[in-house]
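These are the structures, in structure tokens.
Next, two complexes with chain A in common: one pairs it with chain B, the other with chain C.
Take a look at the complex of A and B:
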């Protein structure tokens, strides 16, 4: 695809641009939080830590949703072979989303004043539920927005009898997105029950619904980028979704361990969430196979880099780091500590955020009509900065979290008495350092995508500038990919052992060597392996341009001889 | 039963057994159904069997994914 086929696809542009703006502010709030961690008095009373944190998490969800909507609107007409239904409603949806963002950002500050805006027994302005802080008015507008998205997509799609697996995945995904949201729309006075429904929305969304949309969009983007066959991608999408539900519907019970739900969830919650990485491994192989189906040069490297980053960080952040802390025996220590933050940042930004950015990098050049003369250097640099920055953040949180578990949970030292903070000081300094790298990447990619096709044309590297297909750029075979994956899981097993060791009497008695050693080997090993693997994967794909250029200058006779 | 099927099932059982071992609950008093040890056993066995099924299905479908890839590659290479 080298040009826009349906004019209503252009409606996705505004959602992508909104995504970028929100992403910028979300990352900015993140940087502010790192500073407040180091100096807790910073902006105290003006913009308290809890308010800045709520803005950070809420904007995180809103920009991911904006990216999802943009991606769905962009691929919808291609999947349906016709224009989007009800473009007027889509424009309304955009303004509704803007209103929700403005309302959400503005009302979080009211938490500082203790004002929830109670009316008719409901917290209308803000409700202080982590991740779902927007008040009931926002909830209703979001529900209407999701309903519009469902209507537009299902009206655009062909008759159900003509649906393939990607239609089913996206169709079920957007309907479930709307239905699961309902569980966050009522107030329950009993705190444990309210918490249960909050988890219901947050985690069934992420592990049961967003994953489905993610798998479907990854599949279709692979079709667009590599010309992969819909039939084989459909097979991968179907089974990916099936495994998400076979493992995740019961596995989600790992969120029920400590919130007052019955104890029996500890066993099935642990067992089935241990299976949750399976669909992610499936998706990992699916992207490897489709990217290597033909050996043609890759046209849009930033788009594929973000797509690969999405699938690999899903594997590492959601799959491996999720696995390490999903068992009751490890989760009892890691729950609510920085260890969880490491998982959450890599999984949420990696899996869903990077998918939105991949879709934007694919769609924006097409919509701006610059696909043929698209300067990809800024996009590639931005990818490496945000990818490395996020892996570094994951590392800093994981190391800080390990210290936190030992000092806070096993030794039982005071959080508020100031015992824990000094112990975590080194990690607290690493977070802004990597956060800064990440922020520079965010600024670059926002600038690049906002101005793509509008700024002066730069000189574009020809195929000869691509890396040679030797050494790091040689072809990536399946066995080598398998070894990289195995290495990641070996480091994941080491991390798991480290977390399990907090159950040992010796560790609880004050011997920290074993958990610290396991974390010191496991986390850097896993994150460095991830970084190197993605570098290797992308290098081998970029080297195809070099190979294609070399092939083009070979005399015809030599080409025939080289076969 | 083919050798491949036996290997796949064997792997699924081993993987499920490891998952089962790691999934030992943090509480140790089996307090939710104190009156019925049989119910607890059923709960563990059912969980294990479901896990074996999911692992087995995963390994089988992954194999098919690679087979599809090989078939498509062969088709592309046959094309003029």
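Take a look at the complex of A and C:
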């Protein structure tokens, strides 16, 4: 696709731009949090840590949603072969989203005064529950927003009898997005019951709904970028979603190990959530297959880089790091520590954030009319900064978490200011270091996408600048991809053993060498392998331009022979 | 993969089977969930817990209103910036929490905890009446007092009211009664004795007997002036957790320049902060509330400090400046 076919697709632009602005502020709040971790008195009383963190988590959710909406609005007409229904409602949705973002950012601050706005037994202004900090007013507006999205998408789609798997995935996705949200809209007296329902929203959203939308969108973007066949992608979409639900429905039990629910959840959670990486491996494999289906040069490298980053970080952050702490015997140690942060950051930003960015990189140049020739250097640089920064953050959190488990759980030193924080100091310094790399990437990314097609055109890399298809840029075969994947899982196994080793008698007796060693090998090994693999994958794809340029000058007979 | 035209296609049947299995899993999930919250399980519920007349359900509302989970964790979920709060009530006891929460910016001294134990409801909830028994029963409270009592904490002061503090403690009593299936794991070693574990120099080596009330104060020779003695009492008793030595407001008004100044009261009248007013504010703080402060925020020190000690405190406040009447 080289130009916009349906004018209502342009409505997605504002959601992509809003996503970028919110992303910038969310990353900014993240940096502030790292500074407050190092100096807890920073802004204490003015902008307390819990308020800054609520902004960080909420903006994170809101910009991902904004990216989803943008992507859905962009592909909706293409999937339906007609304009979006009710464009007026979409404009209303945008302003409602703006209003709810501003309202929510403002009301979070009330936590410092202990003002939740209790009315009719419900916290109207803010409710102090992790990820669901918004008050009931926010909740209701967001619910209405989701309902509008459902209405628009389902009215735009063709008749149900004509739906393919991508229609089903997106249709079920947006409806479930709306329904599951309702479970977060009640004040629950019992802590165990409240946490039980809170994970409905958090886990089933991420694992059961966002993942479904993610798979469908990745599938369709692959169709758009590589001309993959709808039928083959549809097969992947169906089984991807089926596996996600088959493992994730009972896999949610891994949140019910220690919240006051019965012991039997440990069995169900350990068993089924260990299967949760399966659909992710499946998707990972499919992006390899589909990206290699046609061997044409890749036109929009940043868009594909973010798409690849999304699927790979889903594999690494959600799949492997999630797997390491999903067993009751490892989770009993990792639960409530920084170990979970490395999983959360890689999985949430990686999977869902990068998908929104990929969609934006695909769609914005089209809408700005610069698809043929746009300067991709800034986008590629931003991708590498953001990708490296996030892997580094995952590393810093994981190392800090390992130290925290030992000091806090094994030694039982529960005084944070005096015992735990000083022991974690090195990791606490690494976080802002990688955070800065990430933030520079974010700034570049936001600048690039906001001004794409509006700023003066730079000279464009010709095919000659593409890497040679030898060495690091040679063709990536399936067996090599399999080896990379295997290496990642080997390091994942090492991490798992490290967490398991906290159960050992000697470790509990105060010997920290083994878990530290395993973490010291496992995490850097996993994250470096990930970095190198993505480098290898992208380079081999970019080298196709080189091959194409070379082939253009070859005599026809030679070309046939080499093909 | 997908079916080629003309071949028998198994894909549709396979997909229907997968959906059937999914339905079965949904049934299992609903069944497990139902069993999880039956009364017969004996899990603690907040409606059945109250502390000193305060309701644990109200406490949960306070816990959410201040977004405690945004810094701490509860049953392991939350923000990992401060410690997990699930079992804190059982570890440090209600009197320590009563002393800590109003002025969270500083760690309570044993004097501050002892003062709380003079309240019959708190002592009953604690199960002990003397500070020595308390520290023996709640070693985690003793450890906090010994290592940091009187020093600044990393937590900001929150505008918690008297009732909110009681409700919050009721909620924490409820969570510490919860059965969390063995989480967090019980440490098998004494971390404080672990050679490489004490990043804070003040740990293990400087531990003093728990019953010494001046644990946190520098034990110097007997102070000669009344003002110096008052300064030491202020530290031991925990006054400085709420009152700054300058004019700044921590939880209560700062002491700097207070003596002899005109103070606006909540009832609209004004009074000069002389010896009589300051003495009354220490032994009967609710008699005259300063404008902008809530009643019942400050506990009474009557019976805790004798006349001579109160006079020394007043002398100390006088020494921090202000006009003489």
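Everything below uses one rule, namely that the second predicted complex is superposed on the first by the 552 of 563 C-alpha atoms of A that agree within 3 Å, B and C clash if a C-alpha of one lies under 4 Å from a C-alpha of the other, contacts with A are read in each partner's own complex, and residues count from 1 in each chain.
Note that in this section contacts are C-beta pairs under 8 Å (C-beta built on N, C-alpha and C of every residue); 3 or more make two chains touch, one makes a residue touch a chain.
What you see is a predicted model, and the numbers here were worked out from it, not measured in a lab.
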First (chain B), second (chain C), both or neither touched by A:44: second
Touched partner set for A:278, first chain B, second chain C, both or neither: first
Contacts of A:441 with chain B and chain C, given as first, second, both or neither: neither
Which of chain B and chain C A:432 touches, first, second, both or neither: neither
Contacts of A:413 with chain B and chain C, given as first, second, both or neither: second
Which of chain B and chain C A:262 touches, first, second, both or neither: both
Superposition-derived comparison: chain B or chain C, residues of chain A touched: C
Partner chain in contact with A:289 - chain B first, chain C second, else both or neither: first
First, second, both or neither for A:392, with chain B first and chain C second: neither
Partner chain in contact with A:270 - chain B first, chain C second, else both or neither: first
Doubly contacted residues of chain A, that is, touched by chain B and again by chain C: 232, 235, 242, 246, 250, 257, 262-264, 266, 268, 332
Contacting residues of chain C [partner chain A, same complex]: 1-2, 11, 15, 18-19, 21-22, 25-26, 28-29, 32-33, 35-37, 41, 43-47, 57, 60-71, 73-84, 140, 143-144, 147-148, 153-160, 164, 174-175, 178-192, 194, 197-200, 202-203
Sites on chain A touched by chain B in the complex: 229, 232, 235-236, 239, 242-243, 246-247, 250, 257, 262-264, 266-268, 270-272, 274-275, 278, 281-282, 285-286, 289, 293-294, 327-329, 332, 478, 496, 500
Chain A-touching residues of chain B, taken from the complex the two chains share: 19-20, 22-27, 31-33, 43-44, 47-48, 50-51, 54-55, 57-58, 61-62, 64-66, 68-69, 72-73, 76
Residue numbers on chain A that touch chain C, as the complex places them: 36-37, 40-41, 44-45, 48-51, 53-54, 108, 111-116, 118, 123, 126-130, 133, 187, 189-196, 198, 231-232, 234-235, 238, 242, 245-246, 249-250, 252-253, 256-266, 268, 332-333, 335-338, 341, 404, 407, 409-423, 508-510
